[in-house]
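Note that the chains are named A, B, C and D in the order they appear, and that numbering of residues resets to 1 at the start of each chain.
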């Protein structure tokens, strides 16, 4: 604790750094997003089985990936905050949660809209949709717990513990749901194999994923800056650093 | 015996106190006073390790309490605003469970004597919920007589006590100081302790 | 340490005996929820036989939710929890004692009454046997995991709803394998796999949950 | 053009997916910008209040 081994672990020095990073992350996000959509809509060929409807994949799959990655990253920040008692780590976790929940919802929403033309129904108790739904509940639980605690330190630590418990449970839940699903559904609707992945499709997927990553980073940094401003309103550096306060 | 250095306490986003320093030798009593909301209870809870200090260190007999962990807790008796009694259980049952948890063996005879000293003879079998506020407090204070702890941390121990009970408590505190114990307490009331040495800390503006 | 664990356990059981209405309320809630389902889905015997295990399991989850709110709330409001934190005993062991008391008071009664409710749903003797064994293995997991949530939501506004939100998603694996066992047993797929998985969940929860509960209690009492 | 938007009959599903995603992402950014503005306004009010009373910003 004695050595400040990472200069930017203090909110005062992280705040301006984050401010400089946001425009870059946003720019990367917009550029890769536009490129991904272009490849997805104009370069990638029509799928011979699903027709055009498979193009939902270009947001569904990246959103689903994001939802899971973000949960893991969020939990790691939260647990780091719990162990080393660093405010900034916990703030990062808090800042990531709403965006993660949003991508989880998008994955569910697009999954349903993809399911209708593909399987003939908006919702199936497919392993992926089901575990995505539970993941959404986990996100909401984390957000709701932190929202109902007034003391910021308790909120950070309680969130860290909950995220840790969730992190241990996520693989178990995922695996249980998968097992449950294969038992009840058979392998009739495995659609990972259905569209033979053309190189252009893969490129579009990767570009959109990159865009979502950049977007998540930008938005999380924006939110963390708000958290810092709210929690440090007693510190003088806020008044010296922040533009627009003079 | 107890040393507190550079202690800082933050509650919510309020900084209650910074750079708090004091040390207590055997037979010393620390009286913490100050207006409501000045952080008296937080100081006591921090010394008990119920709250994590924002900065600073607490040492017991030379070792940091963080490292001593349960060995420190075995030396400590805390009485907060809440009595820590189960309403449905009688005073005697409450004290027996408390003693078991504190790791000390006591006989029913000792419990009886402690309750008698607190002026609760005849009330020992009643569920605590039937007692008055002052009687409940006295049951909680009877723990002082049944515990081998060296360090007593008492948050407003005199509240709700009548003058007889106040005198008894003063005598109990004096006895503890005489036998080399240490006491930290908060109170708004005046009290007289003939034994040991009384130190004072004032919190708040 | 064992003396302390035993005294916490005995104290909680004693308190429950002096406030029997609380224990009974959980049990009656369980019975009512299970008995309400046929009104919702119709009295078709075949359908009820299929639904039975799942309904009983879901009702058990809800009943556990109902009783978990009280697990630490009483001790929190009268200051006993502070005292528990300040005893020179490992807090995880004390938490385990409280969880055990909770299970004995609200889990075990459900297991015992479940066969009767299973009869309402026309479950066969074999199905009832499997159901009881899975409940016996699964309900302690509900108490153990629930204790973490109960400790985290201590003293928060909207604690009950929040608790369900935190804990119910974590119950999914237990629900899947608990309710699924009866199906698997009746269709001749063999039920040992389910038993061992539930036992594994129980073991895992038994090892990890008390520590998490203790950590959560420290966070909440601060 | 119309053919592009029809997406071989799947237009509804595709555009509902993409529009809701875009709506969410844009809304999130706008909400965050508004939140930041509100906080900054409050901070500057606090600062003015402090100066007004004659105290300097806390150190």
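One rule holds in what follows: a residue touches a chain if its C-beta (ideal position, glycine included) is under 8 Å from a C-beta of that chain, and two chains touch if they have at least 3 such contacts.
Since we're looking at a predicted model, the values are computed, not measured.
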| item | value |
| --- | --- |
| Comparison of B-C and A-B (more C-beta pairs in contact) | B-C |
| Separation of chain B from chain D, taking each centre as the mean of its C-alpha atoms, in whole Å | 52 |
| Rounded Å distance, chain A centre to chain B centre (Cα mean) | 48 |
| Approximate Å spacing (C-alpha centroids) for the pair chain C, chain D | 42 |
| Centre distance in Å when chain B and chain C are each reduced to the mean of their C-alpha atoms | 37 |
| Residues of chain D whose C-beta touches two or more other chains | none |
| Per-residue multi-chain contacts in chain C, two or more chains | 222 |
| Multi-partner residues of chain A (each touching 2 or more other chains) | 153, 233-234 |
| Pairs of chains found to touch, sorted by chain label | A-B, A-C, A-D, B-C |
| In the complex, chain B residues that touch chain C | 45, 48-52, 70-71, 73-74, 76, 78, 80-89, 93, 96-98, 100-103, 127 |
| Touch list for chain D against partner chain A, complex | 4, 7-10, 13-14, 16-18, 20-21, 24-25, 28-29, 32-33, 35-36, 39-40, 42-44, 46-47, 57-59 |
| Chain A to chain D touching residues, read off their complex | 41, 46, 51-53, 55-56, 59-60, 63, 98-99, 102, 105-106, 109-110, 113-114, 116-117, 215, 219, 222-223, 225-226, 229-230, 233-236, 238-239, 242, 244-245 |
| Interfacial residue positions of chain C with respect to chain A in the complex | 148, 152-153, 156-158, 162, 165-166, 168-170, 172-173, 176-177, 180, 201, 208, 212, 215-216, 219-220, 222 |
| Residue ranges of chain A touching chain B (in the complex, touch as defined) | 85, 150-153, 231, 233-234 |
